[in-house]
Amino acid sequence: MVQGKLNEQAKGVFIIAATPFTDEGALDLYSIDSLTDFYLGCGVHGFTLLGMMGEAHKLTAEESLTVVTRVIARAQGRQVIVGASHAGLENVRRLAHEAMVAGAAGVMVAPPQGLKGDDGVYNYYAQVFKELGPDIPVVYQDYPQTTGVYLAPSVFERLVDDFKQLVMLKHEDAPGLAKLTRVREGEKKPGRRRVSILVGNGGLYYPQEMQRGADGAMTGFAWPEMLVQVYDLFAAGKSSEAEDLFDLYLPLVRHEQQPSIGLALRKEVLFRRGAIRSPKQRVPGSSLTATDRAELDSLTARLERRLAAAGRPSRIAAE
Amino acid sequence: MVQGKLNEQAKGVFIIAATPFTDEGALDLYSIDSLTDFYLGCGVHGFTLLGMMGEAHKLTAEESLTVVTRVIARAQGRQVIVGASHAGLENVRRLAHEAMVAGAAGVMVAPPQGLKGDDGVYNYYAQVFKELGPDIPVVYQDYPQTTGVYLAPSVFERLVDDFKQLVMLKHEDAPGLAKLTRVREGEKKPGRRRVSILVGNGGLYYPQEMQRGADGAMTGFAWPEMLVQVYDLFAAGKSSEAEDLFDLYLPLVRHEQQPSIGLALRKEVLFRRGAIRSPKQRVPGSSLTATDRAELDSLTARLERRLAAAGRPSRIAAE
Amino acid sequence: MVQGKLNEQAKGVFIIAATPFTDEGALDLYSIDSLTDFYLGCGVHGFTLLGMMGEAHKLTAEESLTVVTRVIARAQGRQVIVGASHAGLENVRRLAHEAMVAGAAGVMVAPPQGLKGDDGVYNYYAQVFKELGPDIPVVYQDYPQTTGVYLAPSVFERLVDDFKQLVMLKHEDAPGLAKLTRVREGEKKPGRRRVSILVGNGGLYYPQEMQRGADGAMTGFAWPEMLVQVYDLFAAGKSSEAEDLFDLYLPLVRHEQQPSIGLALRKEVLFRRGAIRSPKQRVPGSSLTATDRAELDSLTARLERRLAAAGRPSRIAAE
Amino acid sequence: MVQGKLNEQAKGVFIIAATPFTDEGALDLYSIDSLTDFYLGCGVHGFTLLGMMGEAHKLTAEESLTVVTRVIARAQGRQVIVGASHAGLENVRRLAHEAMVAGAAGVMVAPPQGLKGDDGVYNYYAQVFKELGPDIPVVYQDYPQTTGVYLAPSVFERLVDDFKQLVMLKHEDAPGLAKLTRVREGEKKPGRRRVSILVGNGGLYYPQEMQRGADGAMTGFAWPEMLVQVYDLFAAGKSSEAEDLFDLYLPLVRHEQQPSIGLALRKEVLFRRGAIRSPKQRVPGSSLTATDRAELDSLTARLERRLAAAGRPSRIAAE
């Protein structure tokens, strides 16, 4: 499938894809396909593979490449971003090259733990960019809750000024609304490029972030059609309607973004919606109790009632 | 004001009170009174003072005591819990004794950073309980996001079994729903006391936590009447209505629980609602930009529209 | 006692004083005096009070002031630096003013946990300096192992350029040798002040740090005469002799700098040397087992044999 | 090469081998051989590969296997332990199996970040042991400074009681002397196995740890002959002589154990001693300045003078 390279104009919803396993823990190729189809059916504009949510750290190198190749082949030309973070720069380069050769649109790199100070962050990415060269588009994954590395807006600006292959910020600091606004204001400086900003944190602040200048979402919420519909409504200038729709789903957005248990919830929903054949995670992973399932039943039933009452049955359910 | 000591039967909403300052940064005694009245008007069942949200660490010892004394005097007999966490045990004792002499119903103690392993946690609290003696009721504040100290359910059970002055768990781990259920199940063991559990995390999972056996909330949400109404509805067996009401406020619950900026938002709301004369925090603290204020305007307006549409104007607004 | 204010020319050994308690845990005023005399007998050039090693966080405000006043009164004019770190800036100001009124030469301030990025550090200290005004000399305590806050050399330089009350760096990053060299090289820039740098980390890299431009040590090693003698030998240009002497003590320097147990070891040595009447720490604190004591016996006996063999009995032992 | 499996009787020095690269960053097979010979010439009793010091995280899976295979082939029958830590349990199993098939004597597993409480640690290792089965000997790597996971002695004992494949503790907590003593005392309980304990932390407390019951060292000090000679002296009952010898090297032990810069120092020493052809690390890594090199020159010259004066020229230098 031909897909162009990622650039600063990237917009919309890049779903962070779960990685499906069989009940025995093997990579489930069939479910990779059905999940890709599910996401396409939800209208996503692109994919992000091998992120933290994708259990990338539990895959072998071969399995990782299998996932990437398989999704790209089935993505109907949608752009695919592949996570290439690694503690060693040689491995970042290798992962990035493998992904690009397989047809990825770009790679996403988070900083390794232990970088010190603004210069530590700048210098690490300068090394990454030199190593990868100008032809591989890169997404900066700003997720300090896990990496422990703070990205100052001024550092991001220096990187944008100095390396044109930096085309997107995956925005996931918390609190992060002020940073998003600050980056957008900094871009008004003559000569500075405006980069794409997609937001994470499970979408918890999605409407606020769109108002502040985000270009869409990159997260793994298990009702991706909401992410798409909210994006479309914002694109159509209907921000109030967008937020109304978002708020209908907010109880589940909040529920899924719980650390650690969140992935179990998302895989369970994807399983219930028929997108994958098993909700299993590879160990060590979280799992759901009977209480957790009943709670999810209740939240889901509430969502469906509210969607129906609002005249907004989910696109999927309607099929 | 006479108020009994805190015990295992404690229920309802113990609001975590903000500490009001003047624009110049002095303790604002007038606003302490008006804020106390505001909370009482919202129907809170009790107060928690000198928690992290109360900027306790920015007060002098004298100021802390002033806050405690002043709120207790005006609390119309509602129970007041006072934070007594400190790196040194002598200071925990001193703070606890001062609070109890001033009329507190009990004290809340979080573990100091650096405790190691299950025994490290047990032994620290065993020391605290011995130091305080059996007559001072204690709340265990379980907030590992800040303390870095994990409380295993089995450790909590050992403490409950061994020290009857431990009467409440302030439940704020994340994810924490499973822990809450686990503690409630452990209490079914013959001979074990059932303690009170009040929940925090800004109330983000309040309905789910009530379903799982919580006795109420201890948090600082700036529309405390919601916390009270949800509690009352659960108490009346109307859990679905309770969750409907909660969901109306959820966009603001989520907005306020952002780390770091959350307190600025709460003080701004309390200021707008007339409860305090200035939203100022002592430095170092967060503050709001024009964008932040406009965003809050929008979220608040949406809340009011939704409450009106639901026939549920806020108790305060109705006065 | 008259002592001038601290300035950039400060040199020598500023001993971090332990805080002595009775076996019952009360502040031991008698031992404060005898310990001060002990340190003076070791030849220290100054004192640092209420640091982390001084169990400052276990004292009440009144006790802290008692310690400061008592040591200053007995310090025979030696300069005394007082720790004034606190989570709230109002309290930093209060502690600093109290210390200066009591006769301190300056105050030491560590950054609070949670500062973000280079600007976060700069802005915090800019606030501190504005709050304290130009007349209170300040030591920047750079101890990221505990604070989690990294000080970039360029940030330190901006602070030195902008605030003349910043007169000393307490150097305790790890690894930190490169930073020390970097700061000294940066000072060659025309117009930049050269500040005093005293080193910590229990003195573990003291000779290397003196070679790289340190002006002395600020640490709590329980044989302070070594710190003084090494300083004197360096001042006399005898760096090789200085390192020979240091190496004799290195087994104990290394032993005492163990996290957590280190203070118990230091207080035990001070107790054995007659400087304080009890090695007790306030709880929560570490304590020594019989095995720990026997090990310390052995290490101390080895030290004494080596000092004797080198013709360098400790100044104290010789009295 | 035939080497038996690792068991509880393991003793002596298991050197943590550096991984040599060419100046261009490629794996240097020639230097793997020469380094292995160097270590054998120092008298080491075994090897540990792919630890943190071995830059394992910067290797590809193929390179890792190359290192393992190459060292085992050249190790003259000495036992080789291979690091098999990974965030995903599938990968732990795969790495362990590959290592054992290649001829390793056992594998070393550190806990992943984020385990919670005593049960979290126990349950993770119980999973690991079940996954690996009873035939793969396992070393528990206890290095909380990096993993953030505390191992309580009682948890270690439960694991030793329940899983006989757990044969060794790599002891590297800090402070850790008390834990070592505590584990040895716990082993006196009838029926409990005594496991091997090898110590790390760069050897900083090696004599004290041998006195407390350690069976040797597992660390990467660049003068491994000292580690061996100290072990031999302890084995011969000459503990005082052992400590005398250790103290001669202590300035360099201390120098090398500096976080982050330590590996650059070790590789430089190995390079200077002719063990490897380049001191290069893969990026991101530390490197030495001219000042760092001059400092190392000075420390090394001092060591040589002291060894000569003590009549103890290094075994290597004497060849």
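Each chain gets a letter, A, B, C and D, in the order it is written, and its residues are counted from 1.
Everything below uses one rule, namely that a residue touches a chain if its C-beta (ideal position, glycine included) is under 8 Å from a C-beta of that chain, and two chains touch if they have at least 3 such contacts.
The structure displayed is predicted, hence computed values, not measured ones.
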## Note on the structure
Label-sorted list of chains bordering both chain A and chain D is B, C
### Task
Find the chain most remote from chain A, comparing centres computed as mean CA coordinates.
C
### Message
Quick check on chain A against chain C: do more than half of the interface residue numbers occur in both copies, making it same, or fewer, making it different?
### Response
same
### Message
Taking the mean of the CA coordinates per chain, how far is chain B from chain C in Å?
### Response
39
### Query
In angstrom, rounded to a whole number, how far apart do the mean CA points of chain A and chain C lie?
48
#### Entry: chain A and chain B, separation of their C-alpha mean positions in angstrom
34
### Summary
Residue ranges of chain C touching at least 2 other chains are 260
### Message
Under the stated contact criterion, what part of chain D meets chain B in this complex?
### Response
116-120, 150-152, 154-155
#### Entry: chain A-touching residues of chain D, taken from the complex the two chains share
25, 55, 57-61, 86-91, 94, 112, 114, 124, 127, 131, 260, 282-284
### Summary
Residue positions on chain B within touch of chain A in the complex are 174-175, 177-178, 181, 204-205, 208, 211-212, 243, 247, 250-251, 254-255, 258-262, 289, 291-292, 295, 302
